[in-house]
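Look at the two complexes coming up: chain A is in both, with chain B in one and chain C in the other.
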Partner chain A sequence: MEGFEVTHRDDSGIAVLQLKGFLDAHTAPTLESALQNCIDEQKFKIIVNFEDLTYISSAGLGVFMGFIEEVREKSGDIKLSNMSAKIFRVFDLLGFPALYDILDKEEEAKSSFNKQ
Partner chain B sequence: MQKNWKKILLSTPILLYLGLLCVDAIFYFIGIMPELIRIGREVLLVALLLLFIPYRQYLPVLRVKQVIPTLRRLFIIAIAIAIFFQVTSSALSESLYAGAEKYKIAIFLKSFILSAFSSLILVLLFLVAFGIISNLLFYKSKKTTQRNFRLLGIALLCAIAAAIWGGPDNFRETNFFANNFFGITSGILVLIMVMNAFRLTWIDFLSRKEKWSVFLLSPVVAVIGLVVYTQTPLSYLTSYSVAWAAFISLTALFISIYAIVCTVLLLLRLPTAAVFDERVRAIKSMQKLSQLISHYMPEHKLINLITEMTTQFTGSDYAWLELQTSDQKFVVRAAKNVSESEIVDSISGGESELRNWILHNKQSVLINDAMEDTRTAGLEACKKKICSLLAVPLLSKEKVLGILYAARKEINSYNEFDQDILESFAAKAAISFENSHLLKSSLEKERLEQELQIAHEAQLKLLPKQMPTIEGLDVSGVSVAAREVGGDFYGVYKKEESLRVVIGDVSGKGTAAAFYMAELKGVVEALGSIYSSPRDILIKTNSLLCESLEKNLFVTLQIANFDMQNRQLVLSRAGHNPIIWLPKAGNPKLLKPSGIGIGLDNGAIFDAMLEELKISFSPGDYFIFYTDGVIEARDARDEEFEEAKLLDILQKDKFSDAKSLKNHILDNLRQHIKGTAVHDDYTLVVVGIQNSQYSIKVGEQEIAQKPELVG
Partner chain C sequence: MPRKQKKYRLKFPGQSDNLEIIRDTVSRIAEKAGFDEDNINMIELAVDEACANVVKHAFQGGGNKPIDLEIIVDEKKFTIVVSDRGTGFDVNKLKRPDMKEYLSKKRVGGLGIHIIHTLMDEVQFESVPGKGTHVRMSKFIKNEKKSTVKT
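== the complex of A and B ==
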């Protein structure tokens, strides 16, 4: 089984989490703690870049649901970007696009944050 | 045959003895015995002596192997010899061959026969004594033991031969190393005796008490040996037979030497006997603990046992054991001869300096004056009672499981040996704790497995046991959990002229998912009896489940009504994998009305997104419901089964009924995941439309009803 990695970047006040590998029930806690760190640091504008993610399971999807409410209450958001077609299909099937900003490119996510 | 030989061999000594007695009688009455006959008679007596040796195996006294009973028997025989020797010597003091001629027969009967019998008894007693000593010599014998003992036997025979050669007078007057055969041979024999006498291995295995009693009794044996040795040459024995007298006196000498060496060695060992005992006790405690380790023992019993044994084998006044709890704190779990509060107040309190030292250094501590040592500065309450202290960590892979303490009232009362022995005891104790934990957790595991098995069976009951039959429809379904229990769910319900198929998947797997699955079933079935529209049921289900679902969990659910009256499928989908519609003619299609998963949104968005789709079906059509476990099933190379492959299978083959179609998919799926574990729960339900009285009306139009916003 492949591993999973989260790289944290800070781009002018926006936290960017770059995901890599295999996101399932076993690796979800890594992403959870990365998101929790952002919140602890009072960073509520979060972009999650899916470019290098190869797989996501339902437990992986659940991670975003666990945080979105709190982030939005603090007038922030979690935006998702750079999904492969396969990953997007998983999000789409579940109806995520109705609830989350899912963008093609990280830049678009940034500019949509900046517009607000 | 062999038995007969044995009988003959064993009866020979008796016959020989009686024969010799007759010869003696003849020569007694003749009055003179030629030198050659005398030597011949003595040689035969020696042979008689040797012939008695095989009897040893019939004597229980010689079969005792334990040291103390052996010594006790030797002592009793020595006393018996002493009494018998004194009594017979004083009774038969007159010379045998010098009697008044006229009373010859009377004297023969009184003296000669009596001395012959007494000699025999005494020789037999000495043979037994010699046998017992040889047993002691061979206790934990080495290679040289056998050799030295043989040497002793040969030297003894040589000395007896020399005594026979020299005759009675020579025997009576000769000292060691005197200038004749007997003097020289007996001198050499004494040296060999001394060499053998140092085989006293058994001394070390005596307890202190036993050492004392042996020390007090062995001089008695030594004195008896010496008396017999010095008096034999002058007694009736020499008159009867020089060979036997030599055997008796030399054996008595050997017994005496052995007893003297034994006394001296014991004298040297008595001062250390107490320490030796203590060490033996410590080793025995260790053995006992090792034995106990091999049995399962509940932790609280083990704790008490360890503390109890610590006081015993270290001879300590107090002992106690503190163990680390799951939150890294140390708690006194057992205390012997000291109250828990007393120790907590002092040594084993919350922040103990002594404990911190042990945790840091992972070494044991020996404190011989608790008042002086800075690490026991907090020793207020115990000041008067605890003066010496040993504290040893229970280590397991560099982790301190706990600390074992032993204490005494006197200062300077422990030494490095005590520390060493307590350390090894603690090492064993640590292992037994580990074992106890392992066993406990494996028992716990077994119990959990049983419970999961029960849960598994309970969950199976939540799935349809039998498919409802409805004219014109053919249904087949299967659900497989990755673990004992899972989050997949399906249900097939008959409602008048329609059939409702529900399929759902709780995110995640295992026990948590299984609980929500059970809840989901209850909710869907309850709502299904009230509402008939799949969309209505889903909306109500979402609003009910959103309350109880955890934030990061969601449920995908799909409900389809097969309306046989209107030959129409009414379908609504909450984030679930789309149904595959396999028309009789044409390619498979994915039916994917819009809709988001349950638990993602608790109201407006969910309702707004949820569509209801209506499809007209015809005989020969199949509808395939499945969960993500089917298309995401991974093979050994982590490749997924994939939707495209599923569609491909369906397109290529023709099927006779729902069951064969389901089995066909399952066969392909199993082929795909062959050799790997099932990663996720998977569920598959196939509904086939059969030929019936309903007229065939091909309807491919899809009517998507845009939902109204609720609320």
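== the complex of A and C ==
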């Protein structure tokens, strides 16, 4: 079983969530908890690195919708990076690139926070 | 001459931890039918969305009822029928979300139906409140590798 894991690191005050495995209706609550922890710890600058994510369904995308408004109200953002073409296609299918900052690399996401 | 057809009938416990096994199984059958990776990914996601809706809405989070899958492969199309004996609903009230409005209001949930309609070539919902639902979705087999209804 491949499962799903979220690893949390801190990079100069930016919370980085590294996703691994598959994100579906069963595993989405794990990501929801990880994002909620960031907010509880007053970390509103968040990068989600998708490099090791192999699959996403609408349940996974929906998690981001649940947090984006609150994070932006606190002058933060959720930036998404390192998506494979397969994962990006699902975001694109639903028009999410219009709402989220999706960067090729985590370093670019970090730089774009630092420019703000 | 009758067209060659292959049918698979599968039954899974209606809990979300089985979505992975459902996806893997459907992907293997789609691969065997000759679809390329992109189309396999589309079929996999559409079936996942339909089954996740069964667990969340028809079974209201889980329980002991099964999800039934029937997959019919012929030379022209790949059809999956996802059936449940859950709560059912009025199909006339089923609406695809307006994605512009959805995104601007940052809504949560309800995207599965949009995904299924977008990814599959034919989609049909039949539901009887209190009895259950059948979601029938098909993808045409184009000139990739010709459908292999292997015997």
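Just so we're on the same page, the second predicted complex is superposed on the first by the 115 of 116 C-alpha atoms of A that agree within 3 Å, B and C clash if a C-alpha of one lies under 4 Å from a C-alpha of the other, contacts with A are read in each partner's own complex, and residues count from 1 in each chain.
We take it that contacts are C-beta pairs under 8 Å (C-beta built on N, C-alpha and C of every residue); 3 or more make two chains touch, one makes a residue touch a chain.
No experiment lies behind these values; they were computed from the predicted model shown.
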Query raised in the report: Mind checking chain B and chain C on superposed chain A, clash or fit?
Result: clash
Query raised in the report: A:His26 contacts which: chain B (first), chain C (second), both, neither?
Result: second
Query raised in the report: If you stack the two complexes on chain A, which partner ends up touching A:Ala98: first (chain B), second (chain C), both, or neither?
Result: both
Report task. State whether chain B or chain C is in contact with more residues of chain A in the superposed arrangement. Result -> C
Query - Segment of chain B that clashes with chain C, given the candidates 8-16, 152-160, 476-484 or 494-502 - result: 476-484
Requested in this report: Find the residues of chain A that appear in the contact set with chain B and again in the contact set with chain C.
Outcome: 1-2, 25, 57-59, 61-62, 65-66, 69, 93-96, 98-99
Query raised in the report: Along chain C, where are the residues that touch chain A in the complex?
Result: 16-17, 19-20, 23, 41, 44-45, 48-49, 52, 55-56, 99-100, 103, 106-109, 111-112, 114-115, 118-119
Report task. In the complex, go through chain A and note every residue touching chain B. Result -> 1-2, 25, 57-59, 61-63, 65-66, 69, 93-96, 98-99
Query - In the complex with chain A, residue positions of chain B that touch it - result: 505, 507-509, 551-554, 556, 574-578, 594-597, 599-601, 605, 609, 628, 632, 638, 680
**Report entry** Contact set on chain A toward chain C in their complex
**Finding:** 1-2, 22, 24-26, 55, 57-59, 61-62, 65-66, 68-69, 86, 89-90, 93-96, 98-99
